[in-house]
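Both of the next two complexes hold subunit A, though its partner changes from subunit B to subunit C.
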Partner chain A sequence: MGKITIGCFSSLVGSMSLDFAVKLSEAAVKKGHEVDLWLSGNGTMLGKKGQSKFRDYSYLMDTVTELIKSGKFKITNCEACAKARGISREDTVEGFGVASMDWYLASAFSTDRILHIGGE
Partner chain B sequence: MAIKKIAFIVEKLPYKSETSRLALTHTIASQTVEIHLEDGDNVEPVLAFVGEGVLNCLKNQKALELYGVSSLEAHVKNALLLDLRVLVCKEDLEGFGLTEDSIVMDAEEIGGEVTTQVVPYEEIQQDLEAADHLMFF
Partner chain C sequence: MRLAVFVSEYREPAMLERLKAEKLGIVLVQNGVYHAALKKDGNVSPVLSKDVEYYALSEDLQSRGFSDSDVVDSKVKVINYDGLVDLIFNDYEKTIWL
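Our next item is the complex of A and B:
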């Protein structure tokens, strides 16, 4: 089985790219692969505590929680990007990592494939 | 012990979105990636500006004065200070009527020793083909 690193810079609300990244992660984990998901820029809002589930907006936390439980999925917020948006470690959902950008590059070092989804 | 080459390709405009800024900060983060890796392992970045992305390299940006944020010009200088390989597509630069005089070519004033390389796209393509991973911003 392989390892996939996904970098996603798109917001939870306002773009479907993050939905795609999580769906792809789910499919890969179900096939037995490991996935590292790096959230940078507006993507960091995925880790914010207290999200509400409305039908008109994406809600990915249930899927992400299950993925974290699988043990094959690491999800990490860019610390600087999150803090710039007022999202501190205390505001971040349990199970999310918080790291500097070199974490993403280190994941890239050891991965089999990268899917880099830039921002809007 | 291994070195993985990552190519960061910047094709977005400066300031219109956060994208090109994140390209530069992620590229510069390659300088501290070793702390996450085994001894002897490392990442070798190359930073290439193509298309509208070449405008990130313009001189005399006023981002700090106008927006209160660091300029992309300053980030390019930081990349040069860290001896990163910085490439600018010659054809795209000329397409905007720009020359080497229009863009950041060095970071001498802060102690940088390497310079920006304005090269034909063909040369950038060779770097992309030699890279282990590509990140488009």
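Our next item is the complex of A and C:
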């Protein structure tokens, strides 16, 4: 089994890239791999507490919660990106990390595969 | 080097022509799957003109109204997320997202 680091630099909840990153993470964890998912830019809004689950809206939090419980998945928000959007640590869902980009770099240097998804 | 290139938009990324690898795979995801399923004036997308491996994500095809087999170009292998994970870990060493 290996480890993949995914950096997602977009977007709001409902974006194609964020959706893709979470689904790829889910498939990788189900196969026994480890996943580090770094969220930057508008992607940090995925970690915001109090999101509502509406019909016809993509809702990723249930999947993310299950992934965190698996112990094979780490998800971390870019601290500066989150703060710039008014999201403090207190506003962030339990299980999400909050860190500087050092975290992403460290993960990138210790992983087997990396997929860096740019902004939309 | 075995390189997998993710194409996520329905336009031809300029960089694609310049990429060289011992083994090159192009993975069509998101709106990039239109390259696999649509023709312009009867011609397939220029993205499909290279002598490389092509893949398209089934979920992204289906969410755009394409069934897996009937409209997808024969050069393109349709894969799901499980297959994509295997590609990333087993078939390619590096990935880039265009």
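The rule we apply is simple: the second predicted complex is superposed on the first by the 117 of 120 C-alpha atoms of A that agree within 3 Å, B and C clash if a C-alpha of one lies under 4 Å from a C-alpha of the other, contacts with A are read in each partner's own complex, and residues count from 1 in each chain.
Criterion: a contact is a pair of C-beta atoms (placed from the backbone, for glycine too) under 8 Å apart; a residue touches a chain by one contact, two chains touch by 3 or more.
Because the structure is predicted, anything quoted here is derived from the model rather than measured.
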Three-chain arrangement built on subunit A, subunit B and subunit C clash or fit: fit
First (subunit B), second (subunit C), both or neither touched by A:Ser58: neither
Contacts of A:Ser17 with subunit B and subunit C, given as first, second, both or neither: second
Subunit B versus subunit C as contact partner of A:Gly2, first or second or both or neither: second
Which of subunit B and subunit C A:Gly118 touches, first, second, both or neither: both
Once both complexes are placed on the shared chain, angle at subunit A toward subunit B and subunit C, C-alpha, multiple of 10 degrees: 70
Touching partner for A:His33 - first (subunit B), second (subunit C), both, neither: second
Touching partner for A:Gly41 - first (subunit B), second (subunit C), both, neither: first
First (subunit B), second (subunit C), both or neither touched by A:Leu105: first
Shortest span in Å between Cα atoms of subunit B and of subunit C, once chain A is used as the common reference: 7
Contact residues of subunit A, present in both the subunit B and the subunit C interface: 114, 116, 118
Partner subunit A, residues of subunit C touching it in the complex: 6, 8, 29-31, 59, 80-82, 84-86, 88-89, 93, 95-97
Residue ranges of subunit A in contact with subunit C within the complex: 2, 4, 16-17, 20, 23-24, 26-28, 30-31, 33, 112-118
Contacting residues of subunit A [partner subunit B, same complex]: 7, 9, 40-42, 80-81, 100-106, 108-109, 111, 114, 116, 118-120
Residue ranges of subunit B in contact with subunit A within the complex: 2, 4, 6, 12, 17-19, 22, 25-26, 29-33, 35-37, 41, 43, 133-137
